[in-house]
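Next, two complexes with chain A in common: one pairs it with chain B, the other with chain C.
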Partner chain A sequence: MTEVSPGGPSPPGSFSVAVGQSVRTLPWWRTPTARRYLFGYTLLAPAVLYVGLLVGLPFVFSLYLAMSDASVSSPVARFVGIDNFMSALENATFYTALRNTVVFTVGAGILKGLLGTSLAFLLLQPFKGRKVVRALIVIPFTLPIAVSVLGWKWMFDSQFSVINWALSRLGLIGSYGSPDWPVWLGQPGLALLSVMFVNVWRGFPFSAIVLLAGLTSVPPEVLDAAKVDGASFMQRFRKVIVPMIAPILFVGSAFDTVFTLSDLSIVYLLTNGGPDGATEILPTLAYNTGIRGGALGRGAAISLFLFPLLLPAIILLLRTLRRRQY
Partner chain B sequence: MASVAVVPRTARARTIRRHVFIYLGLMPFLVIAVFPIFWMAITAIKQDADLYLVDAVPFWFRQAPTWKNFDFLFHNTSYGDWIVNTMAISFWVSVITILTAVPAGYALARLRLPGAENLGIGIFMTYLVPAIILFIPLARVVSMLNLQDSWWALVVVYPTFTIPFCTWLLMGFFKTVPFEIEEAAMVDGCGQLGALLRVVLPVSWPGLITAIIFSFTLSMQDFLYSLAFVSISEEKPVPLGVATELIRGDIYFWGSLMAGALLVGVPVAIVYNLFLDKFISGITGAAIK
Partner chain C sequence: MSHERLAETHPTTLSRRSFLTTAGGAVAGLTLADMLTARQAPAQIKGTNLRLLIWSHYVPAYDVWFDKFAKEWGDKNGVKVRVDHMPHLELPARYAAEFAAGAGHDLMYFAGQILTGQYYRNLVDVSDLAEGLGKKYGGWLDAAKSAAQVSGQWYAVPDFFISIPVLWRKDLFASVGMGEPKTWEDLRKAAGQLKAKGHPTGMQFSHCNDANHNWRALMYCYGVKETDPTGQNITIDSKEMREALKFAKAMYDEGMTPEVFSWDDASDNRFLASGVASWIHDAISAFHSTRLTNPKVFEQTFVVPEVAGPGGTWNVGEPNVWAIWKFSKNVPAAKEFIQGLADSQKDAMQASLGYNMPFLRGQYTKPMPYLGNDTKLGKLQDQEKITAFLGFPGPMTPPAQEVVTTFIIPDMFTRVARGGAIEDTMKWGVGEIRRIYAKHKAS
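Let's turn to the complex of A and B:
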């Protein structure tokens, strides 16, 4: 397209000769293609450098840190091999954190999937006020996470919890001070449930909206065609809708897994791992060890244990993204 | 044709019944999604004593609503600083993001570079490397740059997630701009850069605005980086400041906590809400066509 000569139409013969000559005489780095490549890679360079320097290098650096005894106080680090990983594996808290991380991610993930699917099918129906309902329902996802978690902390207050007030008025629990008065963030089992619940509260609108986008992308003609061919609702659901929305469901849950696994603010702000390690997850353990405790190396090692948990989600996303058609 | 008269009524009845079912099904979701916000809002404008009246119904006011929690924020804490910091951080993050992601997105979408597809995916994948793995090495980077305890640390760090996301978003966007307008510009004597600056960018402003919006909202969603890198009160962004400075020991300033959280949270939520579909199609662009 850059070959168009500005001089207007010229006889066909001379035109082809001119092009032939220019290609022969131009050095390769001055050909239009090479110049386009140069231009393109120059435009790409700032983004690639930024991401490379501040994501790629730090990632490699975290591998190095994890194998050193680096701390906040001493800038000079000594290579200690896999000591940090070993000491994490010898620590009982680490296993609690690992178990809680898996329970938290899987449990909350299943709940978000179920709630999100039912909500998506409800929102798929045409009804009056759909836009308003949708806008209200996605609020939990759009509110900055630290902001909404503070609201939950107040709602889970040990004495003035509005949840307990309602339960008490309904006669489901006794009054404050009675043995069945739940202290949401103070009792080990309840605390884990509470932090999971807040994660589900924040995430279910995301699952629903992602799924809704997938469902509305199923062209109605396809469903009509299946109906005409005599497919029952269940058959249409299993053979047409599920295969068409499966990729998007995977992408949605993979993103959600990444968000959930790497999020520490819910647990940090609600319980900071307590009571007695009952809600400790790998992110809070890594933060408390690496930043608060100043043991950068041990903290980096703990956070790297998240990587194998993240890998399936990342591989899944990579495969879906590669299938993208241009 | 006796049924003719009946049909509208039964159709109407069916519509009404359908609506009732749908609203009943949606009701629990709506209550769960919205109640916490209502509860935060009403807490923010209640008097302190009103918060702790356990015998009365807590969902409304027993004492007159008050603005004193907001007063407290602005007079007894650094809330004003936090807002300025948050805006300044988001502004500079947007500037960095636009200056890097726009050219990158354009190059990946338009210039038929070898390996563009893989490079695009590669950049986007860095969005998935979570902060929790990067924050410890980045703590070292921040102290090397001598930015610890300054909000500038966050200006350096936040583009690590806004650049990948916005590059991906803009790449999709630039693909929808017709090639003809660039070709026309080049025929008219523009170079490749001239065509980008004078012709493509002016028609791409919806994409640019979306990218700026996401630089803002994604910056305000962060908690971990600010928690790890900023500990001086005056340098904190709003979410961190509210979460750390309004809890003193065992004393929670609930009214001011909720006021401070919502004052910034609600505008972010509204803007994010308007652009949510763009966010969803940005990250799932691969799967939905």
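Let's turn to the complex of A and C:
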């Protein structure tokens, strides 16, 4: 029961409670609503603090660097506005890197999705040693990236490539030195395909495991019911399985997109962006400009171009996910 | 000996005061003399710690020697020395992190990428030490200054440089009626003839260190100057650069295969050791690895310090220098360590199998360690006369380093080799270099 307190209307955010004849005014922070809010925000605070410190601060720091003339050796930087972004846009290599980044991320994402899905369905089938195979399948993902990429570097070697030697023995290509001997990391199209392939090799077991977790959560009765209703495999997949595991799919896709877009190691170790920018992606360009070249401001600006690429994709994924939850 | 001279000039008539003054001076003089001869470090560094960061050398035996040297030096001088090795490509990121944190190693090493010009405001001025070494060992090579000086002051002390000569197959050259190559034209001609026999040549057109060195060696031999001697103004947009690109295109078409577009720093080593290469342009690690892996090929592999071009003979080396952070907790020990290492140059060069080329003129006295005892490598004993570094004839400034780390020069050669028009390539490459220099000037 709310009453107007004596002496005029209550200040905003406070209210009066009649107790018998006496009226007591509570300060706003002691009201039940305020307490409820306070409790909610207190519970939320650790997560906000965590995200703020680990994501927000580095992001703001990146913005600060990108808008300054900071170098690796200069602790005090000057504000230069959007100069560094303009400098990136004036750099012809930047456009090559941007194009390669999109091709690399989208191409690898599609391949990982296809291979991951196929593998997940295969691993779902009952067969002898399934548990062992399921454990072995994640090895590429668990190996230290430097070790596995160096292994691939040898396999892609222009002279001693085991892939080429196998293809040559099978009569599919000529011998070493012949014009059809592929130079995996030297021919522009092949080089980009090769680095993408290594990313897919490393990442698709992760996709498969994520999907497998989703698939095992689909109740068999639902699938059986769909079968009884005459749904084909593809219909069951599209109309039953995908909608049911959509949240897992979206979160997995979001993770994979972020990891692929910001993947520096594979390209850096295999080609370092060469030859002539054929495999240059934004992370390698940013690293070579900002850290190795010392131009921290320009490096940060290049890396921030990943943000507008990533933001719409993540917003789309999360919004779709949210809609499905309601 | 000092004692004897003092005794002769000052007989028993000394007063107590003059005796103490003279004796004190004699003791001080003796201590200094002993320190200089026996390299006894000053007492102030005893009981201290020294942390140093160095690259992982291409010759593993050198790392073994270096770690042993560091330990023995530490034991002798009462300093606890900790040596950290790291691949050279990872060093720049490490230094950026140490600088940002204001803490890290007392003594650090610039290898591959020379960051003296980048960090000099935060490095200890080591002019006293560098000039002392210069006086003691016959003076520094001119090239040393480009890697270690900024505005005439020494902010780093050169340790050694890596020479990148021509390694050629005598038997293969003889098979096409050729002897030791003297010019780039000789190399081109040999590669063209030998490619047809299954023995092409190769120089990296990719994004690796060797690509940056090798193509610059050709450029400088063609008379290309990347900047003026101050390092401030770009002079690469020249007739000489166009000629160098034209020559490289011809040499690629006639004597190489597309695999050079994928090569890393070690690919040419393997190419030589496999017996396929007619010649390569690489450090002598390729020579040593071939000795171990293919003795027959090694027998026929010979060394030429560098071949000549229309603009002269220039070999592009890779310098390695020591520097000390201003925030180092042990500057005296760091300086003493550098001094001790410089005094042990002969042992170091021997341990590196002749790889570590000295920066000090006096250390070129023949026979040089290791090189002087090897009939093939002996030719490298005059390397100091033809050595230049990246950015030549300017110093290794921050913009020059950024041009190196973004691989603009190798990319220019790649574009032309793949059929790009020279003028378009020049427009792109020079434009990129100008943009980088302009940004550094503005900041």
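One rule holds in what follows: the second predicted complex is superposed on the first by the 241 of 326 C-alpha atoms of A that agree within 3 Å, B and C clash if a C-alpha of one lies under 4 Å from a C-alpha of the other, contacts with A are read in each partner's own complex, and residues count from 1 in each chain.
Criterion: a contact is a pair of C-beta atoms (placed from the backbone, for glycine too) under 8 Å apart; a residue touches a chain by one contact, two chains touch by 3 or more.
Since this is a predicted model, take the numbers as computed values, not measurements.
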Classify the contacts of A:F160 with the two partner chains as first (chain B alone), second (chain C alone), both, or neither.
both
Chain B versus chain C as contact partner of A:P205, first or second or both or neither:
first
Using the touch definition from the top, say if A:N91 reaches chain B (first), chain C (second), both or neither.
second
Is A:L43 touching anything from chain B or chain C once the two structures are fitted on A? First, second, both or neither.
first
Would you check which partner chain A:L318 touches, where first means chain B only, second means chain C only, and both and neither mean what they say?
first
So in the superposed three-chain picture, is A:I291 touching just chain B, just chain C, both, or none of them (first/second/both/neither)?
both
Looking at A:L261 after the superposition, I want to know if it touches chain B, chain C, both of them or none. Which is it: first, second, both, neither?
first
Mind telling me which of the two, chain B or chain C, contacts the most residues of chain A?
B
What residues on chain A does chain C touch that chain B touches too?
72, 159-160, 291, 296
Hey, which residues of chain B end up touching chain A in the complex?
18-19, 22-23, 25-26, 29-30, 32-34, 36-37, 39-40, 43, 51-52, 54, 58, 96, 99-101, 103-104, 106-108, 111-114, 116-117, 119, 121, 123-126, 128-141, 156-157, 159-160, 163-164, 167, 175, 183, 186-187, 189, 192-193, 217, 220-221, 223-224, 227-228, 239-240, 242-243, 252, 254, 257-258, 261-262, 264-266, 268-270, 272-273, 276-277, 280-281, 283-289
Spell out the part of chain A that touches chain C in their complex, as residue ranges.
69, 71-74, 78, 80, 83, 87, 90-93, 153, 156-160, 177, 183-187, 191, 271-277, 285, 288-289, 291-298
Touching residues of chain C toward chain A in the complex: what are they?
92-93, 95-96, 99-100, 113, 115, 118-119, 121-122, 198, 200, 205-208, 211, 257-264, 267, 270-271, 274, 276, 398, 401-402, 405-407, 410-411, 414-415, 418, 428, 431-432, 435-436, 439-440, 442-443
Which chain A residues qualify as touching chain B in the complex?
1-2, 4, 6, 35-37, 39-41, 43-44, 46-48, 50-51, 54-59, 61-62, 65, 70, 72, 115, 118-119, 122-123, 125, 127-128, 133, 135-152, 154-155, 159-160, 162, 165, 176, 201, 204-205, 209-210, 213-214, 217, 247-248, 250-252, 255, 258, 261-265, 268-269, 282-283, 286-287, 290-291, 296, 299-300, 303-304, 306-307, 310, 313-314, 317-318, 320-326
